[in-house]
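Read from first to last, the chains carry the letters A, B, C and D; within each, the first residue is number 1.
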Amino acid sequence: MCTAIKYDNCFGRNLDLWCRYDTSVVITRVGEISNKYPIMGMATVINDYPLYFEGMNDRGLAMAGLNFPGNAVYYPLDKSKKNLAPYELIPYIIGNFVSIDEAAEELKGVNVLNRPFSENTPLSPLHWMISDKNGSIVLESTEDGLKIYTNPHNVLTNNPPFDIQSFNLNNYKRLSSRSAAGDYSLGMGALGLPGDLSSMSRFVRAAFYTKNSPAGLGANQLFHLLYSVAMPKGSVMTPEGREEYTQYTCCCDLENNKYYYTEYDNLNVKCIKFNDR
Amino acid sequence: MCTAIKYDNCFGRNLDLWCRYDTSVVITRVGEISNKYPIMGMATVINDYPLYFEGMNDRGLAMAGLNFPGNAVYYPLDKSKKNLAPYELIPYIIGNFVSIDEAAEELKGVNVLNRPFSENTPLSPLHWMISDKNGSIVLESTEDGLKIYTNPHNVLTNNPPFDIQSFNLNNYKRLSSRSAAGDYSLGMGALGLPGDLSSMSRFVRAAFYTKNSPAGLGANQLFHLLYSVAMPKGSVMTPEGREEYTQYTCCCDLENNKYYYTEYDNLNVKCIKFNDR
Amino acid sequence: MCTAIKYDNCFGRNLDLWCRYDTSVVITRVGEISNKYPIMGMATVINDYPLYFEGMNDRGLAMAGLNFPGNAVYYPLDKSKKNLAPYELIPYIIGNFVSIDEAAEELKGVNVLNRPFSENTPLSPLHWMISDKNGSIVLESTEDGLKIYTNPHNVLTNNPPFDIQSFNLNNYKRLSSRSAAGDYSLGMGALGLPGDLSSMSRFVRAAFYTKNSPAGLGANQLFHLLYSVAMPKGSVMTPEGREEYTQYTCCCDLENNKYYYTEYDNLNVKCIKFNDR
Amino acid sequence: MCTAIKYDNCFGRNLDLWCRYDTSVVITRVGEISNKYPIMGMATVINDYPLYFEGMNDRGLAMAGLNFPGNAVYYPLDKSKKNLAPYELIPYIIGNFVSIDEAAEELKGVNVLNRPFSENTPLSPLHWMISDKNGSIVLESTEDGLKIYTNPHNVLTNNPPFDIQSFNLNNYKRLSSRSAAGDYSLGMGALGLPGDLSSMSRFVRAAFYTKNSPAGLGANQLFHLLYSVAMPKGSVMTPEGREEYTQYTCCCDLENNKYYYTEYDNLNVKCIKFNDR
């Protein structure tokens, strides 16, 4: 489970998982995997191939994959389309395009292929948020086929599909960050906002906080937004009793081409630039 | 508005305000203000006197003042009691006592005096949480007189008074961090947890996350807990349109005598020790 | 568990119980139990004494007892007060007074006596709502002594005490019966209203519906209000698996001196007048 | 806005509207409108044609139309299908079929025609619930075409479409009618149930109460269920300030071929049989 937010000139995400992956910030130079633009993001590298959880290029386009269990459906080879396995989507899109408009146009011809990375690396059920400085889109491959949504909320979490998540915001449109005279506490204008860490509740909360954020505060503000929907250890347990928590929080500064991140056990903010490695 | 949490061997708080004070980490040496134990905490210093927002001593006792508007009532001089103005309470208690039991015993004889610090520094309406490694108590001076509560939740926010906040937790005792098989998302065991930033909702959320935290994770975990109830800029506005936000988050490590803090605009964790200044 | 509502010129209640009593509408003539005014209401008669669940007199004063477990505290004989056992309160007050002002004045001198009706009829833990056409008061005898509250909400349910129930309404004061353009449904102005049948939720819902009721619709409207917080069979079960449900709903027309009621298994509205029996 | 519930051998509905229609219980004899089975239900009769809000036949099949604004889409003539205008659907289905299975089979070949009843009677945006003693189905004609859903909840309200309403029940599956020892009130097992009168909240509440109803209580229980989601006057206002309320509540006893109903201003239960008129 995860949360992605695009705010201001920044795109970021929490990676919420109960299992650990061996991850690091990986930079893929131009041409390494047929990419026109360099890519930077958190990845697990297997057989020299970077499996990106999310990434940015140096032209201001970023993309993240988020868990979508039970709803993601991938398809057999379709020769009339560009076939891309789920793990190829991030490097292909941010490796070759510079805006959400370009990406959306390209994705119309894509078939998300049901081909695992390897025998030992099964397919992850995912959907994706893609953002540039001006906005966001969402990509879902479900039993109804491929869906490309404009995402005016600039937020993505997990289940249910994006259209139901968006409809659900109707139930919260009366909420306000503004208090009224006579309230016993500030903040009462948002009474009714859900506070648990399920994917629908994180979507509502992230959308509310993002919508109410003043413009221009950059990466620092995005960390605060992401921390509002992060999972402290112990707060979310699987039915089997495993602990899901926010393993890292990152922020792609799409204006200045910097990748910031913090880890659960080290809250100091690290910053990586394209020419750092 | 603020949140204080005691977790594990640590005591911390968010300072949520819409106005800025000139604050810094202040260490008061033994004897400077008739104190037996040195004091460290965030304070505004006026006329050489440290007005502590919260503080710890080197024996493992910590105390924080939190906003309590409309409910705090202070009293005229009562010669049968030890009279202490609100701003004197923190340095007196943590300057002279080493446990919540000692503090509770002493507070029974205290009258909270309605004497402002100066003409230009009016009385703040406050209540207090006091914690050692083993537990917490709450001090409230209201129209019903002085109340000293044992605080098994180890959480304090603002209005309403502590007894109503505690009763309100009954409405959330069914919530669980554990998900069930068949859920469309992890985290659904806590559906119903309030997500807004009013004082009652922060109390419920902080109590839930704290109760579910695994033991032994120390200051790092406490920062995660406090970030769960922190206020991003824009999320809370006064009726007049001023922005309330979490100006700093701190954590007193009562085992190792360290004071950690982060500021809104600088999320790197700073650490101060008693002999640092 | 029960709900009482005063609306317009009418006072009514749901009797919600999991055990059955042998009840009927009982009229107590003037003087039968030292009463100046005749009394009519639902009662269980034991040894010729009417144990009223609620009642009205012919001057427009009505009173109901509602379950208050864990909070009701009754006291030993206090010779400086008028001592009345819980079961004597209704016939005494509506048998001798004509307005909530008169009743409130008298109640200041009352001690609620811890004397059961008989060996086989233990004390019920109760609190009371008393209404005339102009308003309502609440009477609670707790460990803090006797409390008489003005009740501007004209609603009473059960736990917690009335002051906490009243404070809790602050959390719902933004709710409105009015929809906004663009809503996908009418009624969305009240999103956040609690829908379960616990005593706090019934209090909020009954207060909201009563406040929004147009004036002048009389007994018929009060039945609709009470049905909104009634318990269908199966909806509320005790921890032991017993079924609590709304055994009867009644409405005292304080203008026309009529007592209307319906029973769970017979929803036709019966009407009794003072000279009927 | 309306609510339909199938419980036990009974099918009923609340008619919630802010405008008044001239309605009465109408019986259509066999053959009057090419129907094999007689029909009984509440209708407005225009030019001798019965515009049924809902109806039952004498073989145990019942059907109701409920408001579905913004989502209902009707289509032009499609010669490959059986074309039926919205107002023809109820008399056609319950006039010619005896079970939900038969109805579902027939409906697969139906096109819902965008032909108004008359110039002065524009098309109402509707969807339908059809029930026999054994279960329920839902019919929706939307921009995605005709959808026929099995309805295991036996409840229908209004927006959003049935699939989203059904998904939403996931968020309430932890709720229980059972209380726990230590609760301050019975009913707390259902804390979190929404209490407003919007269509999503009524769906959740009606589904919860229906699921928890003991079997075998018949029409009386169904009235209690419907009253739990009925609209008292004043509780729901349109953006223009018009009062929506429950104009009538009816119950079709599919076992005994009786039609029961109550009206807002007359809560006595009326009963009509097929040979009554």
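Throughout what follows, contacts are C-beta pairs under 8 Å (C-beta built on N, C-alpha and C of every residue); 3 or more make two chains touch, one makes a residue touch a chain.
Only a predicted model underlies this, so the values are computations on that prediction, with no experimental measurement involved.
Identification of common neighbours of chain C and chain D yields A, B. The most distant chain from chain B is D, comparing centres defined as mean Cα coordinates.
Two chain pairs are in question, A-D and B-D; the one with more C-beta pairs in contact is B-D.
Averaged C-alpha coordinates give centres for chain A and chain D that are 42 Å from one another.
Taking the mean of the C-alpha atoms as each chain's centre, chain B and chain D sit 54 Å apart. Touching two or more other chains at once are residues 160, 167, 171, 180, 183-184, 188-189, 191-192, 200 of chain C. On the chain A side of its complex with chain D, the touching residues are 160, 164, 167, 171, 200.
Interface of chain A with chain C (complex): residues 167, 170-171, 174, 180, 183-184, 188-189, 191-192. Against chain A, in their complex, chain B makes its touches with residues 1, 18, 70, 158-160, 175, 177-181, 183-202, 204-205, 208-209, 212-214, 217, 220-221, 223-225, 227-228, 230-239, 241, 243-244, 246, 262, 264-265, 267-269.
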